[in-house]
Amino acid sequence: MTALAVSETSIKPRNAWGETLFRAACFSAATLLMAALAGVVISLVIGGWPAFKTFGFGFFTSSEWNPVTEVYGAAGPIVGTLITAFLSLVVALPLALGVAVFLVEFCPKPIANPIGVAVELLAGIPSIVYGMWGLFVFAPWFAQHVQLPLVMNAEPGSWMDKLFSGVPNGANIFTASMILAIMILPYMSAVFRELFMTVPAQVREAAYGLGCTPFEVIRSIIVPYVSKGVIGVIMLGLGRALGETMAVTFIIGNAHGFPHSIFDSGSTIASTIANEFTEATGEMHTAALVALGLVLFLITFAVLAVARLLLRGQKH
Amino acid sequence: MNDVSIAAPTQAEEQYMVAPARENLVIEARKLDFFYGKNQSLYGVDLPVERNKITALIGPSGCGKSTLLRALNRIYDLYPGQHAVGRIVLDGNDMLTDRKSLQRLRDRNSTGATVDEEPQASRAGSDLTQLRARVGMVFQKPTPFPMSIYDNVAFGVKLYHRKSKSEMDAIVERSLRRAALWDEVKDKLNKSGLGLSGGQQQRLCVARGIAVEPEVLLLDEPASALDPISTAKLEETLMELKRDFTIVIVTHNLQQAARISDYTGFMFLGKMIEFGPTEDLFSNPRAQRTRDYVTGRFG
Amino acid sequence: MDRALFRRVTNGIFVGACGLATLIALTALVLILWSLITKGIGGLELKVFTESQPAPGSEGGLANAIVGSILMCGLGMVIALVVGILAGTWLAEYGGQTTYGHVVRFLNDVLLSAPSILVGLFVYELLVAPFHGFSAYAGAVALAILATPIVTRTTEDILALQPNALREAGMALGASRAFVIRSIIWKAARTGLVTGGLLGFARISGETAPLLFTSLGNQFMNTHMSQPMASLPTTIFQFALSAYDDWQRLAWVGALLIAIAVLSINIIGRILARETHR
């Protein structure tokens, strides 16, 4: 029975090196990941520096964006980014909450699951598809059936005229926001649904056991239970809307000035970069676009950081 | 037959030790403290284990019997923050002699709470893979690896030896036979180990553990997830195995300890209350607590 | 109005509103899918897969874009899988609880939803500007940066689900930690890792923005990774914004192809994921 005594034959000289190497490889990969994010920041700072240096604070306040005279002010795209993201959130948030609540609380299970899965799958559809639909289907319909009648019926100089003025071709800030809203809607619904399902069944049952109506259970038990998470999801949705490129570029009209109404064409940071970067000839033009990128990064980083911190706190 | 020595009770709790003769010991824990972070869960525990015997550890849950078992092959090293202070002697070699463990022992000696001679730093104490090759372990829940039955058994052997296919076949067959599993699986050696029943999975883990020919086999409540028939089969296997191996088993089943073990240690609140030959401990317990426990008055 | 009635009515309104929201959302999404199918399916012929992109007004397909997408996504995924699985393993098995580990995890989460166009800018500065040329390599790296956080995240989650007993059992036989991870834990988590890879793949296969200034696009069939290369999303972008009817039609076909690809990858990933949980 000693055929296998440890002293016998060929004990492999092993382990110590393999362990160190593998561990080092894993550590390097994790560090590389951080380096990627650091690289994004550093390249944006370096690339955009000339623009900040030349235009100073005016870069943020001026809305003159002129590649011919090499004067760049980013107020237009920055405001455009904030308005479209905000508008799309205003539209998408109640809808997404409604969908999630409906699926988790009211919808019969056999229907809720397929719809839930479908919503999750739709969240994965590339944004360029949403953009194309906006350009070819939504914008023309909107121009024809909404924008034109509104503009025609508005009295010149009235508040309606001011709010709705613009070329009635459907390519404007409002339609871009709507497309963004449709795009972030499945994403937000899916995460909300997941979030609501983390509420323990006993908590829910205890509330129903007291005689609460479904509305009261949701308002007083479920939403407070995951309140941090709800804000986290809103921030995630906002982050997506802020940084989205393709869905917006197709349809916002790409005008650099300060938008005058919600039916005016405008631009966002992402759409401006997407449209002009490869065609930028002057060094200052490139620098201005990269500087725009840095502004976008700072905004989204702040939003995403808040979102992640809140969602992390939600886990158990 | 046994060199009978009764240790004086330490600290507040009375403590009775009837240890086997020193030259028959294969592994021994001496004055072992154990810490989960800052929480101490073992207090100066002694555990002498005689060669080719079955030693059982009993006691109410949370008494530290599993902790003691997990200290014997230093599996706790996986988790930062857990550490043992004291000595673990395997065949005369100290196993707690890496730099950190020695430092802790020195610190403890200097406080004077429990003083023990300090072993020399040695390679034995820092080469954990060698320690674990000599002290195998089977866990509470069956832990088949996600691979075939054959590969499960061969897994440990491959770590230490280069074997030809025919040699490996022989080792796998012998290990499975010794674990009383061969007849049930010989036709499906290439099927996944996850497809076996719970009792078979546990015997597969035993086969995997003994395939590397350890000197000591540690079993942590190996039957707690099994039905009575599988349990009986496992016990039978263990009785067979003690001819070749030394076995330490943690169990919460007193009948099981009485049935299969030669020595029994009763632990309570992180201390070894009484240790001695199984018959004595069950028929004539010396400590009041042991008497209460084995007669079912608490625990 | 008495209290009970008031509560019932409020609840009724709320339930109705939620149902309406679901109806609106589903309608919008169905409308999009409907346009996609009706406008795309007509042009779905064999020559889409066999011929490269046409000059305006002549016949052609999307073969160059499809090949380019496959090449760049493929290389990107290889990079992402290697880096992502190793990084996820580090977080789950080694340093996840250290301060450094928390920082890595947090930044990974940020990178996970960072605007993809910024990744494109970064890779432009890193790999395009210094070498004075757009290339498929640059495109693949940009895609890899987008897929890696997803792979890392799923790897960590899946490995964390593996029972500790499995690790202990491997270590108890005397295997090193690295060996236990590679030969037991990764094996046990196999399907989960594949799912993570598929999710990452689905995400990058539709990405347009990061490719605009890295791989640029190419109207000819090209398989040299060091040169500009076409991809489905950038070609769709170019065609959709063009003034030519036949290009716009091809753009719809391309959009349909991408949507089908992404949907099927996601569905396969889901089926696999469900099998792991069983």
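Read from first to last, the chains carry the letters A, B and C; within each, the first residue is number 1.
The definition used in the following text is that a contact is a pair of C-beta atoms (placed from the backbone, for glycine too) under 8 Å apart; a residue touches a chain by one contact, two chains touch by 3 or more.
Here the structure is a predicted model, which is why all the values come from computation and not from measurement.
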**Asked** What is the chain whose Cα centroid lies farthest from the Cα centroid of subunit A?
**Response** B
**Prompt:** Taking each chain's centre as the average of its Cα atoms, which chain lies closest to the overall Cα centroid?
**Reply:** C
**Request:** Averaged over CA atoms, how far is the centre of subunit B from the centre of subunit C? Could you give it in whole Å?
**Result:** 49
**Request:** Quick one: report the Å distance separating subunit A from subunit B, using the average Cα coordinate of each chain.
**Result:** 55
**Prompt:** If you average the CA atoms of subunit A and of subunit C, how far apart do the two points sit, in angstrom?
**Reply:** 15
**Complete:** Within subunit A, the set of residues that touch 2 or more other chains is 14-15
**Item:** In subunit C, residues with contacts to at least two other chains
**Value:** 175-177, 179
**Request:** Would you pick out the residues of subunit B that each touch at least 2 other chains?
**Result:** 129-130, 133, 159-160, 212
**Item:** Of all residues in subunit C, those that touch subunit B in their complex
**Value:** 97, 163, 165-177, 179, 183-184, 187-188, 190
**Asked** Any idea which subunit A residues touch subunit C in the complex?
**Response** 14-16, 18-19, 21-23, 25-34, 36-37, 39-40, 43-44, 46-47, 94-99, 101-103, 105-107, 115, 117-119, 121-122, 124-133, 135-137, 182, 185-186, 189, 213-216, 218, 236, 239-240, 242-246, 250, 270, 273-274, 277-278, 290, 293, 296-297, 300-301, 304-305, 308
**Asked** Contact residues on subunit C for subunit A in the complex?
**Response** 7-8, 10-11, 14-15, 17-22, 24-26, 28-29, 31-32, 35-36, 39, 82-87, 89-91, 93-95, 101, 103-104, 106-111, 113-119, 121-122, 124-126, 145, 148-149, 152, 175-179, 181-182, 202-203, 205-209, 212-213, 216, 233, 236-237, 240-241, 248, 251-252, 255, 258-259, 262-263, 266-267, 270
**Asked** Hey, which residues of subunit B end up touching subunit C in the complex?
**Response** 73, 75, 78, 80, 128-133, 136-137, 139-141, 143, 145-147, 155-156, 159-160, 205, 208-209, 212, 218
